[in-house]
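Working notes, structure below.
Letters A, B, C and D name the chains as they come in the text, with residue numbers starting at 1 for each one.
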Amino acid sequence: MTAKPSKPIIEAVSVVANDRITEGVGLMVLRAPKVAATVRPGQFVHLRLDTHSETILRRPFSVHRASGDHVELLYQVLGAGTLHMAEKRPGDTSMDVVGPLGHGWVIPDGLRHALLVAGGLGAAPLGMLAEHLAGHGVAVSIAQGAPTATRLVARQLFKRVARVVEVATDDGSAGERGLVTGPVARLLATERFDVAYTCGPEAMQRVVAGMLAEAGVPCQVSLERLMACGIGACLSCVVTTRDGFKRACVDGPVFNAEEVLWDASQIPPKH
Amino acid sequence: MTAKPSKPIIEAVSVVANDRITEGVGLMVLRAPKVAATVRPGQFVHLRLDTHSETILRRPFSVHRASGDHVELLYQVLGAGTLHMAEKRPGDTSMDVVGPLGHGWVIPDGLRHALLVAGGLGAAPLGMLAEHLAGHGVAVSIAQGAPTATRLVARQLFKRVARVVEVATDDGSAGERGLVTGPVARLLATERFDVAYTCGPEAMQRVVAGMLAEAGVPCQVSLERLMACGIGACLSCVVTTRDGFKRACVDGPVFNAEEVLWDASQIPPKH
Amino acid sequence: MSVNLDMSVKLGTLELANPVMTASGTFASGREFADFIDLSRLGAIVTKGVSSEPWPGNASPRVAETASGMLNSIGLQNPGVEAFIKKDLAWLAEHAADTPVIVNVSGHSVDDYVRVIDRLEEEDAIDAYEVNISCPNVDEGGMAFGTDCLSAARVAASCRAATDRTLIVKLSPNVTDIVSIARSVQDAGADAVSLINTLLGMAIDASTRKPMLARVVGGLSGPAIKPVALRMVWQVSSAVDIPVIGMGGVRNGADAVEFMLAGASAVAVGTANFVDPTAAIRVLDGLAEYCREHGVSRASELTGALEL
Amino acid sequence: MSVNLDMSVKLGTLELANPVMTASGTFASGREFADFIDLSRLGAIVTKGVSSEPWPGNASPRVAETASGMLNSIGLQNPGVEAFIKKDLAWLAEHAADTPVIVNVSGHSVDDYVRVIDRLEEEDAIDAYEVNISCPNVDEGGMAFGTDCLSAARVAASCRAATDRTLIVKLSPNVTDIVSIARSVQDAGADAVSLINTLLGMAIDASTRKPMLARVVGGLSGPAIKPVALRMVWQVSSAVDIPVIGMGGVRNGADAVEFMLAGASAVAVGTANFVDPTAAIRVLDGLAEYCREHGVSRASELTGALEL
């Protein structure tokens, strides 16, 4: 289940749909047949929004789902790029992607029960994983956290494929009040997992990875870094690991939690 | 008929229509009620195409026609800005204009017969003038030149309002083969004009102005210059005149031919 | 503006109601913008460059657009100090009497600068001089004065001797070590420095094989240069004791905040005025909004407040 | 490519099949781009900077986007010359044997540069060295060597003594007078100069009051700097006799033409590789198309063909 990733390509894309799904979050469906056919859970695409914009760099987005000719991106509107993204209309053909990129989630042989821990938009790369695992008969339990109920993205998908979805919100508007660590602790206390996958704010991932280490469950984390090239050439995306710097774009974004040294805050702090 | 121009404003505009009318030429109809209400023939608007584009400057365009809430721009696709312009779709609300700008055509009291000489896209600022003059009972004769028949823009408008339209094309595909100077010479030989108005490539305007001076007909020319601000502040648009440098954006774009010293080529030569 | 927000800043002894001014050469003397904005809201109006005699400026084309920027080679075209006094100063006295006026001074020689100041000393309603030793668009003088510590100090000292008004020296970014130039003019008596003037650049039209500017080279301005400008403001303000006026690509409130955090006491809006004639006011409003949103009660607190 | 179009150019004694190369630090050693382009079509591959010992590079964040550009403070992270030889050179020998390889050399001291070259002299399959005396992202050495004529000449002379291969010196734009630096390295024996490296810049996040780069300042690259780069290429190529390799914001064929008209014998594609992994080939194709459309039969005719 962990074949060598297929070679990335540049693919022109067209917008099939682009809808605001909640305050500040959009779901963009792109026609991208080649990427859709080869992308694996946890991989990402590097999206070029415009060729005459003053923001010249591509933007990395996990593939949230892929089916047929389509890939779906679940994105939070933050700055110039994602604002522009939110303005794109169906039929738009001004964008292209480089992808599929990176090493996705590693699915160990004989996996029977997986825990997925999503914080906020960290749900994005876990969507395709959850569907994939369920489709292969793996039992999936999900712990999901968000600031408030409306920010619990991908809920339908998670409910559809997971055996259990436990939820926490900062304001208690859905599930229990508090951090996602609550549900994680509860699930760990009652069930046995072969592996855990987590994505979300780095501080959250770090705490979750610690809990899983203590519980003896191997944990994979998906890390965000500023990425200029996305293909391993620029060294802008380094992650400090036990083996020195690694590049999040090609050596990650998925890492084994135990190799990551959580010693740097890499992303512009506003996010 | 030559009241002080009204004060320019910044007005958000929306695209009502934007059609390719011939190879490389578009007609954009904008909803711009305030500008439409005050613009006078020969004035222009300074169009901002986009706020996150790498091309930061506005683009100056003559108002080709104005009626009701709408202004029409007749534009040639040349570089980054006009390429982008050609992509705009009806309903687009991303642009704004500063306008109306500049001193337009001066219409002398008691004007009875006017000659309009248009070269290529020089027809743009003459459209509104022709309609305005005809509407005030002034007889309008037009000499129009272009490289080829399909580039004779605004023909319907000119035919509708002018008493005579004489045409020349470089390739003879419409009217006589040759430059617009042919029709001008013929019209001057047979008719008496109180004033002449011309717009087009600067080399053409210069020759036409010379012919009119010889014929003793006062001539106004509309000059194009690179314009950063469009409102008189940057001095990028200077025209060399008998009284020294003048600014095309506020002292023009319309000048009396006799005051212009045709000693400099100001526009990037590719155009 | 909320009563609790104090936008005023000081440049030496000169007090401004707020830190947002116009950049020389991009605002003429204000008249052209009066249709669009209320000039009395500006922290100061910095006029176009004024020389002792009329200067014709350079041949056209004088501007070229570049990625997120523009080149200009206007060449300080101006009608000379007498005409400036009669037309521009008089207009300002009538229409923007409450807005501080900073006259930008050009010269081909040290004496030239002093001549302009001497003449302007006879006039009221001038609050400061900004001495431009950094124009890349003139053959004699101009930037040459601003790229060498000794000549920069010479201009600054001579101007200092000629006036008691606030003396600002405008620095060129086209140097290896802008800090040492800033120190030199500080030591020569300048009350403040402003930076950056334009970066020397060039554009070429591939299809005609010709330079886009008649003068071949010109000054690069606009958002493209903001990173260089911020860096220099930070370096200079960390090294000198006099206030720094920051500029280079400012077009919104966040830009102004960034320059102040880097160490600027005030900011100037240049090229953005061409793109949007209300830009200076939008910068001001944006800055005030930032202060309110971030609990900043005095805008001047932002100066140098970068967290390292 | 049409049989009639000769794209070859010479850099001293080094002949390249065409003038389009990659800019150091933006192309790793080519491997990452082999999925996207045919490396054998490149005029040359310029590798990332190589130092005698492994360098860890700077803390993150290491990049920040700016208007039409980006800042980087990677800091020449590299595994050192031994690992470079084992991994990168070996890979290149196997996968791009026909493409000339230019190794970009970094050092904290004159000896450091020479050590790298000494070691690389033992290896085949290197066509030239590009000595980076202009990196703004390291504390010792780096740009300091490139901003002073004497130290620039010292590095160039020592490297010259160490090799008979083509020696290119990469110049910093952060100087008052790039022409005198270029002359110094020419006189010290350089076969060519390449320019420009990045402009020193800075970006700030207004909302957090923090610099966007952990190192505070970094190097500005991309389309934003093209006007400065063109100007410097024009100035330098007008003043020296050795070939100039031009770079700074090149992303299409027209850009390459502009640099050549300004005086460059070859051009390098940098930041554009991040935006489009096929950028270098698009530049090459665009340049060839320009030549055909404009009746240019030898690309090298374009060098310095600016019409003034």
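Throughout what follows, a contact is a pair of C-beta atoms (placed from the backbone, for glycine too) under 8 Å apart; a residue touches a chain by one contact, two chains touch by 3 or more.
What you are looking at is a predicted structure, and each value in this text was computed from that prediction instead of being measured.
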item: For subunit B and subunit D, chains touching each; value: A, C
item: Chain located farthest away, centre of subunit B as origin (C-alpha); value: A
item: Subunit A and subunit D: spacing of chain centres that average the CA atoms, whole Å; value: 36
item: Cα-centroid distance, subunit A relative to subunit B, in whole angstrom; value: 55
item: For subunit B, residues that touch 2 or more chains besides their own; value: 54-56
item: Multi-partner residues of subunit C (at least 2 other chains); value: 67-69, 207-208, 210, 222-223
item: Subunit D residues within the subunit A interface of the complex; value: 25-28, 32-33, 35-36, 56-57, 59-65, 67-70, 72, 74, 77, 205, 207-208, 210, 212, 222-223, 271, 273-278
item: Residue ranges of subunit A touching subunit B (in the complex, touch as defined); value: 50, 52-56, 80, 84
item: Parts of subunit B lying in touch with subunit C, wherever the complex brings them together; value: 7-10, 48, 54-58, 98, 225-226, 228-236, 238, 244-245, 250, 264, 266-270
item: Complex contacts: residues of subunit D adjacent to subunit C; value: 66-69, 71, 147-148, 174-177, 199-204, 206-211, 216-217, 220, 222-228, 230-231, 234, 249, 254, 257-258, 261-262, 290, 294, 305-308
